[in-house]
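Chain IDs A, B and C follow the sequence of writing; residue 1 opens each chain.
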Amino acid sequence: MHEPLYKTAFPKAEVKHQATQAVSTVLQPRFASGNPPEFVNNSGEKFLDFGALVNDGQLQDLTELWDAPSVDDPSKKVRDTIIPGVVEQGMFSTADGQRKPFVLYYVSTVYGIWYSGKLFKDNGWTAPTNFEQFKALCEQIKTKGITPYGYAGANAAYYQWNVILSQAAKIGGPDVLKNIDNLEDGAWKQDAVKQAAEAWAEIGAKYSDKSFEGLKHTDVQLRQNQGKVAFYPSGDWLENEQKKDTPAGFTYQLMPVPSLTASDKLPATAIRAAGGEGYFVSSKSKNPRGGMEYMRQMLSKAGARGFTETVGAATVVPAGSEGFQFPPGVASAQAALKAAGKDVFNMLFDNWYKELDTEARTATNELMFGRINADAFVERVQKRADAIKKDSSVIKFKR
Amino acid sequence: MRHGKYPFVIGFLFAPVALYVTFVIWPYAQAFQISMTNWRGLSAPQWVGFDNYRRLLDDGAFWKAVQHHGVLLLALPLITIAIALFFSFLLNVGGRSSGGQRQGVWGAKFYRVVFFFPQVLAVAIIAVLFQMVYRPNESGLINGVLMKFGLEPILFLIKPNLALWSILAVLVWQAVGFYVVLFSAGMASIPGEIYEAAEMDGATKVTLFFRVTLPLLWDTLQVAWVYLGIAAFDCFAIVAVLSVDGGGPDGATTVLAMEIYRNAFVYSKYGYASAMGVALFFLTLTFAALTLRLTKRESVEY
Amino acid sequence: MNPQSTLPPPAALPPKTGDPSAPAGPGRKDPRSEVRLFAGLGHVALAVWAVIVIVPILWTVLAAFKNTSEIFSSPWTLPAELRWENFSRAWTKANVGRYFLNSVIVVSCSTFLTMLLGSMAAYVLARYRFWGNRAIYYLFVSGLAFPVFLALVPLFFVVKNLGLLDTHTGVVLVYTAYSLPFTVFFLAAFFKTLPSSVAEAGMIDGCSHSRLFFQVMMPMAKPGLISVAIFNIIGQWAQYQLPLVLLSNAKDKWVLTQGIADISVNAGYEADWSGLFAALTIAILPMIIVYAVFQRQIQAGLTSGAVK
């Protein structure tokens, strides 16, 4: 959608913009051949391994972009017009150990657990803030013949490890996740992770449906829209994704993962938030500067506003969201983000180490559908983390 | 066949061999070379010798995949051939015999046409189809019926010990029609007098099948075995599209092709993926060599 | 495994039931009831399998007329109305028509080339003795054992360096190359079975080697050629991995499997299941109609080719 803006600014320039869901399948050969597209939205189900791309010098250093003057106010740098932490999130260490910004995470993303405001209002339920309330509510929901909680095992198990690790962060503080990202020894075996895994394994066993392991995320999401599932974990893109299938009055609402106990390090309002949708410019493409200029247009107020208006999601450019009437779901996510204040955490290991992401997904399904317990869960993911740490062909990242 | 033999031979072989070497042999040879490197698909590869192969030995997913190929290699041909033989016998010899003229059962022609349908469909499409057939809740084709009758749904692709068999069933579903036609053709070429003589001797249908049809069809059965064996070593499209989480749950349906794909296109570990490919190659080669050895025999003349 | 040892001479089949010398009469099992029972059970089995084959396909066609909620909530009911817009969405938005045509173009060219080159090589390898014959034969046959995607990345470079990336020519050549092992393997076996007397007579008449091939052997081998061509058409029609890599940047050149897969992948995000089913139907029905019309030829081709 930003192409018109870019075209207005640079009528003769041509930027190859690749939009596809199966990014790695389609693009891998092009990177290998030295003919990559300028501008890539590297997200979706099969995204390219950022680590490998950085390691191979395929990504354009975006320092120039961040220091360039903003489109709207030339006295400001682009980096000062966006949500803090986003530049940092897109920084990777190169092979020679330098940390540089390579990736623009464009969409403001808040993660949590979704429910239908209408369903809850009709039944007089309120969003739980701690686990006791959560489990009690799940019992009530169950008696209504509704599946209390569910995620799609077939392709969206990462929505669930996100919940487990968010829980762990609340129990033990954001450093729990930092240790995991940094591949610290025994990071997955931290008490907080184990407790979180135990708590959620119980939810999986008592309040979910075994058949969800075989469903794709769209299937489970549709079931939530049909009122058959009460809670569903995902990011705040969900409302827009489901627009077509959401019945009128459904009113998506997002809540943070409930606190496990009163002794949790972070408050109940703490939430995971980050930039989502990683865009990058290929340094070996024909026109990397064109790609960066395209990004600068995206980060203008008009660009961000256009994006927000088209997809109904907030970007990392606050100016673009100002005064925008968000739909109820995104509005509730923005409200939750505001309520969290400084208690915002994030994790990056899945972008850094695809293998670890895969293992965490598999282990999460094993845990949530009752084939292994929490001890075995942390054991096996730790084992893979150790193997990655030892593998010299894998570039390591730190934060 | 003496005059001008070599110019002719070379002339006829040049184009096919050139094409084949360029697009098949050469890339494969490179794949062998890549298997000795830590190439991540982008920058220049570094030589690591047999490191990748050593790592294979400790890779649980790899061994799971090998094990699944073993199961598929036995089960796919056995089940498919058994069903196809049964049907083709019914279709060709199962009906009334009038004056030694063998006849198939009523509607044989219709069945032969219908059974072949899945063969003309691409595997990718069939996999999408069976996603719906196997769906684990009331919206699935099978479980929809079960649940209407108040039964528990069958978790076809989710139960670790059922998933591989569910995938195998799809492979059989697709293959049977082809082999029915193949075996029918074989049976049609068995002279009617043999059946006539056997029936005059009072042989039952069962006897006919085991004493006449089966032995005379041996050649065709071996062809079938080779095809199905090769199919059992592939299975990528079906596993990739149909299984939970790409070969899951927890690797319960994974095959080598899936692991190669994952390592190459998800982890960008081209070197390691190629080492797996080489291992797969040697497995297939062993199968092919064994089969060729076993099939190298005189054919039955009649 | 030698059937000669298990096959008794036809005339001396051991009598299993009744007395072979006695004509049908009392005291002997009535062959008619045996036939009836067998045929009855057989009918049930055949009918069940036919249902197993037809129902998923029929269901796809029905689902193509439903909307997403109907697909997921009531798989066993008929669509409330015939939603042709699903088809128009698949046809125009998802370009299924275009992909279909591309598949037809690519597969017809590559099958023709495969058959021409494959039969030439197979013929020479089957009927001429020369140094290196076995080596070349096994070079071809070994291709049967290679997993295709192992070669994908190196293959990509080969095609790119030849300037054939994102062209149908490149795909046709690659399809042909990857079809050769199978084609050569079976045609060589087939050519071996042709009587050498005809060939020798031709040579004595002063026929050149290539005339002998095109005018005598090819017509004689027609049944085998047809059956292998059918195998190739089916195999190349279903190909997915190769075009995915070789045509990644030219969406207007995509083949049908790619198109369907693309809709299928996107359905994961947009949940346009009815569009996917409509696209599936567009992909499935013509194949089945073509097969139903030509099934006699297709089966006849398979008959003479693959058995021997």
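What to note about this one:
The rule is short, and it goes like this: a residue touches a chain if its C-beta (ideal position, glycine included) is under 8 Å from a C-beta of that chain, and two chains touch if they have at least 3 such contacts.
Keep in mind that what you see is a predicted model, and the values were worked out from it rather than measured.
Chain-level centrality, scored on Cα centres against the all-protein Cα centre, points to B. When chain pairs are compared by contacting C-beta pairs, B-C ranks highest. Comparing the CA-atom centres of all chains against that of subunit B, the greatest distance is found for A. With centres taken as mean Cα positions, subunit B sits 40 Å from subunit A. Centre-to-centre, using mean CA coordinates, subunit A is 44 Å away from subunit C. Centroid to centroid, with C-alpha atoms defining each point, subunit B and subunit C lie 13 Å apart. Residues of subunit A in contact with at least two other chains: 25, 28, 32, 155, 219. Residues of subunit B in contact with two or more other chains: 41, 135. With touch defined as above, residues shared between interfaces to two or more other chains in subunit C number as follows: 72-73, 152-153.
Of all residues in subunit B, those touching subunit C in their complex are 1, 4-6, 8-9, 11-13, 15-17, 19-20, 22-28, 30-31, 34, 41, 83, 86-87, 90-91, 94-97, 105-107, 110-125, 128-130, 132-133, 135, 138-141, 144-145, 148, 173, 176-177, 181-182, 184-186, 188-189, 193-194, 197-198, 200-205, 207, 211-212, 215-216, 218-220, 223, 230, 233-234, 236-237, 241, 256-257, 260-261, 264, 270, 273-274, 277-278, 280-281, 284-285, 287-288, 294, 297-298, 300, 302. Those residues of subunit A whose C-beta lies close enough to touch subunit C in the complex are 21-22, 25-30, 32-33, 44-45, 155, 216-219, 221-223, 226, 241-242, 244-245.
In the complex of the two chains, the subunit C residues touching subunit A come out as 68-69, 72-73, 152-153, 156-157, 160, 244-245, 248-249, 265-271.
On subunit B, the positions that touch subunit A within their shared complex are 38, 40-43, 134-137, 153, 155-158, 160, 244-245, 248-251, 262, 265-269, 271.
Looking at the complex, you find that subunit C touches subunit B at residues 1-4, 6-8, 10-11, 13-20, 28, 34-35, 38-39, 42-43, 45-46, 49-50, 52-57, 59-60, 63, 71-76, 117-118, 120-121, 123-125, 127-128, 130, 136, 139-147, 149-155, 158-159, 173-174, 176-178, 180-181, 184, 199-200, 203, 208-210, 213, 234, 237-241, 256-257, 260-261, 264, 276, 280, 283-284, 287-288, 290-292, 295, 298-299, 302-304, 306-308.
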